[in-house]
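Heads up: the structure comes next, in structure tokens.
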């Protein structure tokens, strides 16, 4: 599903966020990306949905060479990838419902489908009752759940969740993780970047550890800290 | 230091965020506010620096009746309170340095003082090397640390930290908590809202648990979950 | 593609955009209103100025003198004949007695010509008004063909001056209208750009969740059209009563001013203002959103 | 308070604001430039129109007739005397021979008056130009006091018409200038409001970290001034060469048009444009930021 080869990335201001990163992730996998603040986790994900291009190396997602994609093709790549952004990136002038529905509207889905799927997704994250609120009327954790709903609403083939439980209490965090796990079992590749030690430790999945832009560890059935 | 009496708050859209809340917090205290997503933690903090006014009840901070404060006096209240906002609220068109310095500039501090204190605060959260970056060039955890630096830079008498470690790895989280603890011991009241179970459990401080806008538990030397 | 569904979606989105941007949309509509009002006012002013100068030209008479005195019947016949020349607006018979009276009134206050000259030396004549000053020479020539007409006079020099002035005004007016149109364009387009720039983040997020360029673009373009149309409409709603009030006032104080009050021409001008609003709004939306879409 | 430190801080902040808002500032400056350019153009147009009408008025002569023929020496003396009347611009001696020649040229093409009248019935006269048409009657009266002067003539009816036109233009021009000024005000103020609205969140955050209203306000006000001044400056930079080019052109094609080319008046107009930019920018910044500060 994902093939990252010799990818290096430095930002215009000179920060080297990734350095010669190589990862192969299969279609059925559920992978945790861990590492300290500023390690390059978000940057790695940005490579996959082409928000940023690597300075060198290739990125292949679902047989598509992301680095060589034409600008016109980028939207179609992004529709196949659901992203839970670390900073939510909700549209401020749209309600919760509209924010989630938007991810379906861009695909040109039928109105009835949009309605049904949006309701379902909001139900899954327990935000249906706040459907008509605007993002600024939500608590941190509520925004995060709306963002999760938007990421899963159009059944993406790849789900990137960047710190999806940073503002959630342990109980809700677990529910979300179980949701991601269920989505993974329904044939969606899932990549979760997280600082939540207890979740990583209990779920026993593949763990990729980044530090200073380099892969320090890539371990099946791993835990948060190297053992 | 803080005296919250019979405070209820419902937002214009009808959501009841707080319901008859009573808390007394002494000058020397370090208090954790815990509770599920949407419990009212952020709302409670907003009452203290008067971003929101309660529908009923009184809020007294440092002998000032916040609910009766004139608009002209609000800035002075806010200068005495350092806030780590859950969503950071960094000024997007200002560098990290400028963002932190701004909290001092509003107080009319001397230029040399501003420089010294800003540098110190950035050093404390380990962000000095990124002083000239703009917020959008930072990772989630880096933004969070800048926000912490801004909150502590003018030695507030009260420090409110809303989920200050949501985007930080466990190691950095601990460092930040130790920093907050040190600040508390230097005679600053500290209120931390958090979902971080392990930190609350190990620090053994007073824990106030909110749920659905009501106080469910107010316990000295408490842990994250009721025992 | 489900084109109609898309169009409906875009329109709904556009309305939502205008509504949800609140103050910003209102301010933008206000700016567009004012610009188009000024543009319309200027158009009206230019049309009136042109009208006045043209009218000034037609006030000049061609005077056709006849050799011998004519009877009232002959006078009526000649008036009738001359009226049929193309471009002639009005023909008036001026008897030699009338001419002498007015000549004396005009010129003999001091120099008692009447007593000097004794009898009336003037012939009968016809005063001919033409529609536009530029056809004066042609009409004069046509009038001269009539056997009854002895000699034709009109002030060629004055006409040339007026013609030059009309040409200058026409050219200058055109240049100014084009200039003001571009000014309005710049203001409207850039105002809409400001409203779009304020939603840079929205556009960026839309791109991130897989929206194609055109999917993002069209609602903004339609929003531009909406702002432009509303601005144009309000502009007209201020323009029309203002113009009516001003012309009514002027007509009373300065009845000799030839003001433009032709309903059709006025409506055309109002339409031009409205359509300008629409097109400029569209252009504004298109350009601004395209700029933002291009990045990365 | 450390007032100077504060002012310095506000100015630095303002410059930072303009620079960091990038495209938005540029667009705003562009809109202000265009609006002020139009405003300036209009001011110049109005001044010229006023000039032309006034000039038209002064082209009217007062004619002072003397009873008996005068010698060249006497003529010079009378000319000198009349020139000293307040409001008189120019006095020209017209001998009875000259008057007769021009009278015949003007009126006797057809009617052979010269042969009818035989000898020259006209007296010597003085053609007197006045500075402004409204003082014509007063000057005429003053001229009539001179013993050498037999009778004074001027066309009262034409003067009244022209006076009405001048008054109408003066009033209309004033109304239009005020109107256009308000239009410019609305555009500039609202443009700056758009740039401030886009930073609503910034203002909100500043309030949260303890900034007082005036601390937030002044940088925005100064930023408005900056945008206004820059817009005014660029407006003048386009206005001046445009006006010079147009007047040069017109002077060649229409030498009889009395165009305004007085350096001082022009500079005053340019200054007005520049200062308008500054004041409107300031007002824009003040109003917009105050609106945002008021909420809560």
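We just call them A, B, C and D in the order they show up, numbering each chain from 1.
Just so we're on the same page, a contact is a pair of C-beta atoms (placed from the backbone, for glycine too) under 8 Å apart; a residue touches a chain by one contact, two chains touch by 3 or more.
Computed from a predicted model, the values in this text were never measured in an experiment.
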Chain labels contacting chain A and also chain D: B, C
Shared chain contacts [chain B and chain C, defined touch]: A, D
From chain B, the most remote chain by mean C-alpha position: C
Approximate Å spacing (C-alpha centroids) for the pair chain B, chain D: 61
Chain A and chain B: spacing of chain centres that average the CA atoms, whole Å: 28
Whole-Å separation of chain centres (CA-atom averages), chain C against chain D: 24
Junction residues of chain D - those touching two or more other chains: none
Sequence positions of chain A contacting 2 or more other chains: none
Topology of the chain contact graph, where touching chains are joined (line, ring, star, complete, other): ring
Chain pairs that touch, as defined at the top of this document: A-B, A-C, B-D, C-D
Sites on chain B touched by chain A in the complex: 11, 13, 15, 34-38, 41-42, 86-87, 133, 137, 139-142, 144-145, 162-163, 166-173, 195, 197-198, 224
Complex interface listing, chain B residues touching chain D: 49, 51, 72, 74-79, 83, 85, 89-94, 102-103, 105-108, 111, 150
Of chain C, residues touching chain D in the complex: 23-24, 27-28, 30-31, 34-35, 37-38, 41, 65, 107, 109-113, 116-117, 121-123, 151, 153, 161, 164-165, 168, 172, 176, 179-180, 183, 186-187, 190-191, 193-195, 197-198, 246, 250, 253-254, 256-257
Touching residues (chain side chain D, partner chain B) in the complex: 1-2, 5-6, 9, 16-17, 20-21, 199, 201-202, 205-213, 215
